[in-house]
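Consider the two complexes below, in which chain A is the common component and chain B and chain C are the respective partners.
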Partner chain A sequence: MACTAETLAAALRAAAAVVAEHRAELVDLDRAIGDADHGENLDRGFTAIVSALDTATPETPAAVAKLAATTLISKVGGAAGPLYGTAFLRASGKLGDAAEVDGPLLVEALRAALEGVQARGRAVEGDATMVDALLPAVSAAEEVSGAGVAAILAAAADAADKGAESTVDLVPRKGRASYLGERAKGHLDPGARSTALLLRAFAEAAK
Partner chain B sequence: MSVGIVLVSHSAELAEGLAELAAQMAPDVTIAAAGGLAGGGIGTDYDEVVAATQRADAGAGVVLLYDLGSAQMTAELAVESLADPSAAVVVDAPLVEGAIAAAVAAQGGADRAAVAAAAASAGAPPDLTFDEGVQDGESSVELTLRNEVGLHARPAAVLARSIAGLDAEVTVRLGDETADADSVLALMALGARQGDRIEVRAKGAQAEEALSKVKDLVEQNFGE
Partner chain C sequence: MKKIINDPKMVVAESLRGLAAAHADVLRVRDDPAIVVRADAPLDGKVAVISGGGSGHEPLHGGFVGQGMLSAAVPGAVFTSPTPDAVEAAVKATTGDAGALLIVKNYTGDVLNFETAAELAAAEGLDVRSVVIDDDVAVKDSTYTAGRRGVGGTVPLEKITGAAAERGDPLDAVEALARKVIGQVRSIGVALTAPTVPHAGEPSFDLADDEIEFGIGIHGEPGIERTPALSADELVARMVDAVVTDLPFGDGDKVLLFTNSMGGTPLVELYLAHGIAERLLAERGIVVERRLVGPYITSLEMQGMSLTLLKLDDELTELWDAPVHTPALRWGV
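For the complex of A and B:
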């Protein structure tokens, strides 16, 4: 199965529902090491994406991704806005004019999203950020790039879950959590958790 | 037409307060505050940063300064999204000192690269050198500061501005230390107070003009 503008829009709506469901959890994670607004900010952003999709009908997957990007950048605030916004923007650029996204193109878009996040946030693996979920997810996706959209996203979501869990043992080196140093150890990074949740939502929607 | 400045902060009050402070030293520079979220509250608003950047650009370009991590990301994203991304540059600088240094440089007619450099170098220790006495070709004048705050922020900015654009290298000496007169932060670092006697030296084609301008300023208490 390939991904069209309609299926990507449906996946974003599913992701919005997952974010709303986990809003309190993300707020709690962020309260421990940040400013307790990650769940609220993401929920505001994805709610705005759903509203935008209700009024506009982007014709290509790239156009859907771009709409998601600009909405997140404008509505989220905090670090997650420019980071997730950049991820969707770079993915959109990679998708080009394609009417349908197949496995290999999806993997390229995921790679572009990762590189965008790394460029914007200047984080590397081990800094306890969303990169710790996204980087293994993209590597896992690349390993099964011939397997079709649903299988690629499932592999990415599994790897993202493991990667997010790994942040518990890390000392954050980016963002507000880094000011806490050793004291921030033992906490799941909210950005890594939300990345894993989003990839899981996309994987479920692609089934 | 001077380079515009945008202050990106998580707090509207912080950005506006700093814009007000910097504007006191650079009355002709557009200093746009982009702080807080659109509906109030702490955060950075991408649309506001883009709008502030457009507002601050009179054609000579814009320099953006920021307070914390996500403000930097928002500022960089805003610059990337401009029709001409080369019109603006995000500078890594201490926000308060950087804004003052950038504003004064812009007021003095510096181009975008020089304004950005002034902001970026504001984090370094001020450029004070040990006094080596009057050099060949240098003229000098000794002046006593009578104004209440001495050579503090606003007077230092007024002094730096007064000699910007002149073909003269001007230094100010207090005791054993000498500061370049085009650097507001270096002038402030001298710590010259009311009653202190400073020596102003200048060389170059317009050295005499520079000295007379500084002399007038000191005698008129920098307009205070």
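For the complex of A and C:
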């Protein structure tokens, strides 16, 4: 099955529910190594996305992704707002005016999202950031790009889970956690965790 | 958690309402996005000096809006940098032909959002420059971190650039001056307790009664090192040593010494610490020419303090002394 504006909007609503459910968990992960705002900020952003989707009906997947991007950029703040906002913005740019997104186009959009995040945040794999979840997710998606949207997202979500887990053993080199150095070892990065949660929400919605 | 709040989501908005009510003579608060603007802005021919960042550091930044200091402040959610559209709104509300200088603290979120805002404003033809302050000596290098954090030095930076803008310096000069201050200011912070962010509901880190966090930032993030509690003499000596050896500051240097409460440390302890710092600097031949003591860049109710040293010359001293009329700093008017 391909992804339309309606299905992407439904996936974002599902993601909003997942973020709300995990708000406290993300706050706690951030509390350990940062400033305890990640869950609160993402919840504010995705709640705003749901409100925006209630009042507007973007006609293409690209327009839905762009609405999500601008909402995140204007409501979240912190590092998460610009980074997730850029991810959706770059994905939107890749989707063009297609009415339906098939597997290969979805993989291209995911790759664009990753590149946007890396350009804005200047993080590489191993820095203990959301890149550690997103990068393996995109690689996994590329490996199964012929398999259809649901299978691609499932593979991406699985890889993102593993990638997020890998941040536990890393010393952060970006964001507020970086100031802790070795002391931040042993903690799951909140941004990597939220990336894994979002991809899982999209994968479940695409089933 | 016990706090004088209603809904954690409304803390910043309700606080800004009170700020506006208390200081209607110097500033206005505009809603959606929330910004704090000088009552008399925009001023023809004057560079707008704009700063901002997460709330929870009061009086930074809203308390420094007014004559001789900031043209506008952009408050984000608690400990969260503001969004680009809020920064852009502040720029538009205060910036005329003379342009604007954005003062950004080196935290990833602040840098990303202000960078985006500067691009948006530039696209509209406004002359907007940014400087990033990174004065925290606790962070040793930028190879393995996001670079040094911007902390206490932000206060003298905003005062001095605000004074330069007020006397009519052009944007190039205000920007150059800001970079000079950033090059000459260093800070270190220490926490005795953690702050409690309203929406989190519990302290940002766990600290035993006999422990302190050395080398903290301003967002309730833990410090770079946890050590057993020290006497004031030992603690201040360690802090002074960390700051002085970094630039380094040396015999004969004239400085501004800024002794700052992180919010929960009372003045009796702050003055005690300040006295020790003055003595230790004198022993090194460093001449304290100007002083600021009090809670100016805080982390909610966190107990702790920071020390900031700014190397002064005649121009910087004159700009520090220049009249200022804001909620939190007021002299010469």
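The working rule: the second predicted complex is superposed on the first by the 207 of 207 C-alpha atoms of A that agree within 3 Å, B and C clash if a C-alpha of one lies under 4 Å from a C-alpha of the other, contacts with A are read in each partner's own complex, and residues count from 1 in each chain.
Everything below uses one rule, namely that contacts are C-beta pairs under 8 Å (C-beta built on N, C-alpha and C of every residue); 3 or more make two chains touch, one makes a residue touch a chain.
Worth saying up front: this structure is predicted, and the values here are computed from it rather than measured.
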| item | value |
| --- | --- |
| Room on chain A for both chain B and chain C (clash or fit) | clash |
| Chain B versus chain C as contact partner of A:Gly34, first or second or both or neither | second |
| Which of chain B and chain C A:Gly181 touches, first, second, both or neither | second |
| Partner chain(s) touched by A:Ile73 [first = chain B, second = chain C, both, neither] | both |
| First (chain B), second (chain C), both or neither touched by A:Arg120 | both |
| First (chain B), second (chain C), both or neither touched by A:Gly81 | both |
| Per-residue touch tally on chain A - higher for chain B or for chain C | C |
| Clash-bearing segment of chain C, relative to chain B, as chosen among 111-119, 219-227, 255-263 or 291-299 | 111-119 |
| Touching both chain C and chain B, counted on chain A across the two superposed complexes | 35, 37, 41, 73-74, 77-79, 81-83, 120-121, 174-176 |
| Residues of chain B that touch chain A when the two form their complex | 37, 42-47, 68-70, 73-74, 76-77 |
| Residue ranges of chain C touching chain A (in the complex, touch as defined) | 9, 33, 54, 76-85, 107-109, 112-113, 116, 138-139, 144-146, 149, 197, 199-200, 202, 204-205, 217, 219-222, 224 |
| Residues of chain A defined as touching chain C within the complex | 27, 31-37, 40-41, 44, 73-83, 120-121, 171, 173-181, 183 |
| Interface residues, chain A side, partner chain B - complex | 35, 37, 41, 73-74, 77-79, 81-83, 85-86, 120-121, 174-176 |
